[in-house]
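Below, chain A partners chain B and then partners chain C, in two separate complexes.
Let's turn to the complex of A and B:
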């Protein structure tokens, strides 16, 4: 469908639409969404109060609206930016920039004595794959670097350490001490420093005991299996998780801006003066953005599997279904926001607060939901993002686990229904 | 010239603050962000559930289970009785980790053979899983060390003295709240600057400004100052909230922090004006803001340490003003950062500002003339 000159495109009267090309495409689009149609029809019994609303969905008019919206999407580079460029940037950043698996922690080792024992401990810490080690002799100097944020932690090997350590053959405490100082201003990194250094020192101690021929007992061997993500790469769950953010941006932010713009510019009233019914108006807005979202989703999936080599263990069908219901929920939310706000600035802010932030903060995508205070944990249940992120993680990393996907899919469907019902209510009030 | 700019600044402040809804849109979202982010922006692992599959009936494994239950690291410990149940409970994310004992674990342990425990972790949340694994390992190792027969070299807990400076108890909120002061200041200064010109353009009132005696440079200054003032005012509000409501210790120097904040906001306002100059509609401005803000946040060291990034990305972070502000704001709050270190992180922002402002001015002129 090509872009027509303006005077042909703007009005939506049926008589003019008859001269348009056959609308088989519109009818198929329309047929694809029977449930949405039914829902809207039952939700908004507008016919009683308004003469225009008696008509059923007119596929021709719907097609015209979809075409108008489609042209507006293609015309504005910012919608392409948000649907295709921003996702690449996001996936890229979550693939490369955000790594929660700390492997190059910069630490300093203060050697207050230089003995074979302390040298071998230094070598052991250096061998650990988790650290970039700066050895030194003065604690003062290292402290300054810790304040400046140049070091994440300091290991102090004090004077007399090797003598006291050597005396400790029978397992009793001889007062040998190693101090680990971590920069607590970044608690997550600090606990990594503490844990990894502890592990490195433990390994060093065990190795020394073995070398000295002591009858060290093997103790308990801990065999760790990381299911779904054996190589332990955070990108494997961050990249699929970031798809939820992209979908929210398209579904909630973009839609709310677009509809608010119609109100702000007064073109919404112009549309209302046409025979277009409210259902057609809503569907005409939703279908193009739904398609844009599906396009973007397919693109994101290709990028994440093709470029970032994230596994996709579940089926594409499950992915498509869950995405569709999530997208429907987001679109409903965006529509509701814009109908209430009617100004782009406010709609934009509201979409950020109610759409983007929850999908970033309350979805479990980066931050552990279970670690949050109880009231905020309760809050996470009220936003669709949580269910979608969990489904994405499951589909990408674990496979089609029915118990997880059905539950989440149905909840998302519930969200979509509620948002559409609310939108239908609010819009009707404004129209009559 | 001065009078004209003042007039424009007043007009601009009135336009932003007059409408009740846009006033709310300016104040409420940042507050919600601050409150919400402060509590959610955590990678701590608390309240987590683990599962144990213990087909062994001996003493040692029962004692180890008891210790895991009593450790306080886990909110609940579920006992399962079959391999299928292990799969199920991990799949459904009811437990982030599952310990599986050998059927003859206790016997092997007591007789001094290799006894082993398998720890199955949910890799869908590998960060949390790794931390949980750390807890489990510590408990198991301590147990093994305590039960060792005489003559064995115990890995003594006393050997290591852990200390966390600046934040002894690793309170997560001490990290998030100061960081958020910087992030939300970024958000506001960017948002207000980029939207203000775009709104006028979309409404058509920008043309009216252009035909007024105002020079493009005056319009630009007049648009910049209100955004600057609003951002500084909100940053002050957040500092007060951080200190008096969240009770975050403030050890450093306030004038130093303000010096850095002013430089920071200036560099961001330059970026905002640049976006503003490029966008024709509010939608474009908002999405442009977004395109800058998200990478800015992710490449600042807030979401994950910069040294974890590939080298070439680390180079890119040097162009990100937030990277420097993050170091300063945490440093001044928690570490009483000395002036030379603060300055060391301020001058790069100054350089960025000296780059963004002229480029934005140039773009602005090119678009308006």
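Let's turn to the complex of A and C:
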């Protein structure tokens, strides 16, 4: 080969490039360089009076972060999915598909006496659309069937019931008693048995009183009144409850995921190397997701009231206030999680376990807290969802009951404060 | 260029230990970084480059020692450093779902660049980075090179006094890297101090001064020339007429040789200090040594004591596959379309048994897509891919039992130990008999030693790559596919790796490899250059280089050939997009 072997590897960047200025206009990139240069010569510190050094909350920077987050929310299908599509799915699921109302519960009625009164009570219970009734005389036999799971509950009409019932004219306690035995292994069903039986007995008493033309209320040991939800429709409980689920998903899951995503993609590192303050970083996440949560809440309320005809007996103001403090607690929890777990996977898992599952199972949304074992009941106090679900039920089904809402609101505010304080403690504008 | 002799970064005995880590990430580093010049921060992955940059940026606290940045202490005045420096982290720190303009707006707001100044800055930076046409495009839809420029623009928004660039060249094609270098040069001319971290030693060589890190310690600090001078009289090239890879293998077995690579039709050798005698004839080579100007990598390898000696044990353990001249890898009109976009566009080539075939191309050119179709991991839209005569679409599993595949990313089970991973792979390849023997021999061949029972996720990158290769070789395949096997691996480990690859080819294994290291392309028998989904050039490395020779460029390197061929293609196809 006639070519001289080239000894030196051609430099990656040739020399002409080294000196050539890429700016064809011949301008410098930064006009105000002289001042920069002067500073370089002395490498003088800026001094503490520099506006960026003292300003921990610069509105423009905060707004820029919020705007950025907003664009990301709008462009990210998963946030829209969680905030607006998921609620619709949940509401439909709990509004139509899942109904915890049980019609035709199998119960037994033990007739320890056979009198016209007890026969008439039996007939009334039989007439109820909720029960399939097996009458009998021996309690023992019925108990056996209850244990075997063939019956869901037993109503016992004791000896002397008619006499004591008839003796009562004034409303004093004359000792007329009825006994309800329910299968406690299924708390929901048990509570239905109990409630529906009370309703049936109440109806029977009222009817008898009407028939006798008296307006005296003959006293029986069972006083039954269905508050808030006279039609006993579980939908009215479930729809407000599912709002709590959606708020948890937005507040805890979505927030912890988006923060973890910033860590994973390295954008958090880039942000931290700018003059942005930690307060701005935190608020820049909180405000957009708070607004998203409020938007989703309004949407959920419209759907549940408009489509599912859930009553909204309380005021919108109370609803907004309670939702705000709950969202704050959720966002605080989400931020805390993502500060500790910087990968989306771990943050997601933690948010599901600490946020979503408790709000599903320990909030009283589906499983009534009073029918939980004591230790689990105690556990429910540790999760904000409990207070929120209770408040929602109150606002939707009862109205603005100050005592309940104030107490729950303050507790939720406490949760939010604790989460924010913890977040502030562990968050620094540093990498580890 | 004005020189101001007061350092803007001063580090003394700088040490960083992370909790739980056995070794210090950075230990006893002394460094002075001056304004108005580019200081290179060179070293392999895990050497401590990012740790140092993060400490300088005020994002990490030091464990021991002193650090002053722009005259202040980053531990207490991080805010001030954040105001006065620009920092581009690895992967550029961009919001991929925001547009170019939205990314720039965000950083301008965060840095308080307002009003007229803002408009002027945008104008200049967009012009400077040539991104004006793409302001509405999402950052995620930009090419690697454009992302890098946008990252730089975002870091430059408020005219920093110190610019920190963490591996700006990673994942970016050579053309874009050259453009970025020119831009940064212009900034330096304006008095900005730049720290440029890189795993590419050729980038480090271009810096005015360089700090070379290895395993957390500085092994050199000063002008790159000072380091290269150390091997100034010990660097030679030797012409070879026979098989280059065999010649290299023999040369590396000679005691006086500390380092050697293939360079065109020559061997490039660095002799051990003091040992100047090298008898080429003794190892059957005819040519004569000629002293050449050393480059940074020669000196770097020398400073680290050179790669491990000896032949590739894996190749020794393998049976010899007879060269029968058959085409074992064939692509015919191979096309893969994602929607309207042809990631691979009518690619045709054939690789003979025992050939080492390289696929080269910028990021996003379609290398990986082509590669994945060749190993049956991706279904072609049209055309055929055959391995050992078997169509991957029809006899996929049969063909796959004949090929080994090493993925670009570490794709073994991080929580299983080395031994458990190998057990698993020998199991899925159906090595019933002698499974234990095969695993034991792999452990021995790749010198895992006491690492055999360490969860593979905790291994250093070099060991991970070795394990991936061992797993791909478990079933003694005829054909081996290696996707960027040396990406992110330090130069010493890279040499060892190529020793294995060369040894395998020696034994008749057909190897197809993708790489973005231009010097590695020199080892290949033939190279296919992929660009915009098409195979724009195909041939032996020397031939490709010869084709781009001009009077001005008498001895083009692989990189020159690469750039020239791409430019030529762009001109013929209506300019750069």
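Note that the second predicted complex is superposed on the first by the 252 of 432 C-alpha atoms of A that agree within 3 Å, B and C clash if a C-alpha of one lies under 4 Å from a C-alpha of the other, contacts with A are read in each partner's own complex, and residues count from 1 in each chain.
We take it that a residue touches a chain if its C-beta (ideal position, glycine included) is under 8 Å from a C-beta of that chain, and two chains touch if they have at least 3 such contacts.
Computed from a predicted structure; not experimentally measured.
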Which superposed partner A:352 touches (first chain B, second chain C, both, neither): first
Which superposed partner A:76 touches (first chain B, second chain C, both, neither): both
Partner chain in contact with A:68 - chain B first, chain C second, else both or neither: second
Touched partner set for A:269, first chain B, second chain C, both or neither: second
Of chain B and chain C, the chain that contacts the larger number of chain A residues: B
Which superposed partner A:58 touches (first chain B, second chain C, both, neither): second
Touched partner set for A:313, first chain B, second chain C, both or neither: neither
Contact residues common to both interfaces of chain A (with chain B and with chain C): 76
Chain C partner contacts - residues on chain A that touch it in the complex: 1, 3-13, 17-23, 25, 27-33, 36-37, 39-46, 50-53, 58, 60-61, 63-65, 67-68, 71-72, 75-76, 265-267, 269-277, 429-432
Chain A contact footprint on chain B (complex, rising order): 21-22, 25, 28-29, 32-33, 36-37, 39-48, 75, 90-93, 109, 112-131, 133-134, 136-138, 140-141, 143-145, 148-156, 158-168, 170-172, 174-175, 195, 199, 202, 279, 281-284, 286-288, 290-291, 294-295, 298-299, 303-305, 307-310, 313, 327, 330-331, 334-338, 341, 344
Contact set on chain C toward chain A in their complex: 4, 6, 8, 18, 35, 54, 57-61, 70-72, 77-80, 82-85, 87-98, 102, 105-107, 109-112, 114, 120, 124-125, 127-128, 154, 156, 159, 161, 164, 174, 177-179, 181-183, 185-187, 189-193, 200, 202-203, 205-206, 237, 239, 263-266, 290-293, 295, 549, 553-557, 559-560
In the complex, chain A residues that touch chain B: 76-79, 81-82, 85-86, 89-90, 93-94, 96-106, 132, 146-149, 152, 168-171, 173, 176-191, 194-195, 197-199, 201-202, 205-206, 209, 214-230, 232-234, 236-237, 249, 253-254, 257-258, 261, 341, 343-346, 348-350, 352-353, 357, 361-362, 364, 366-368, 370-373, 376, 390, 393-394, 397-398, 401, 403-404
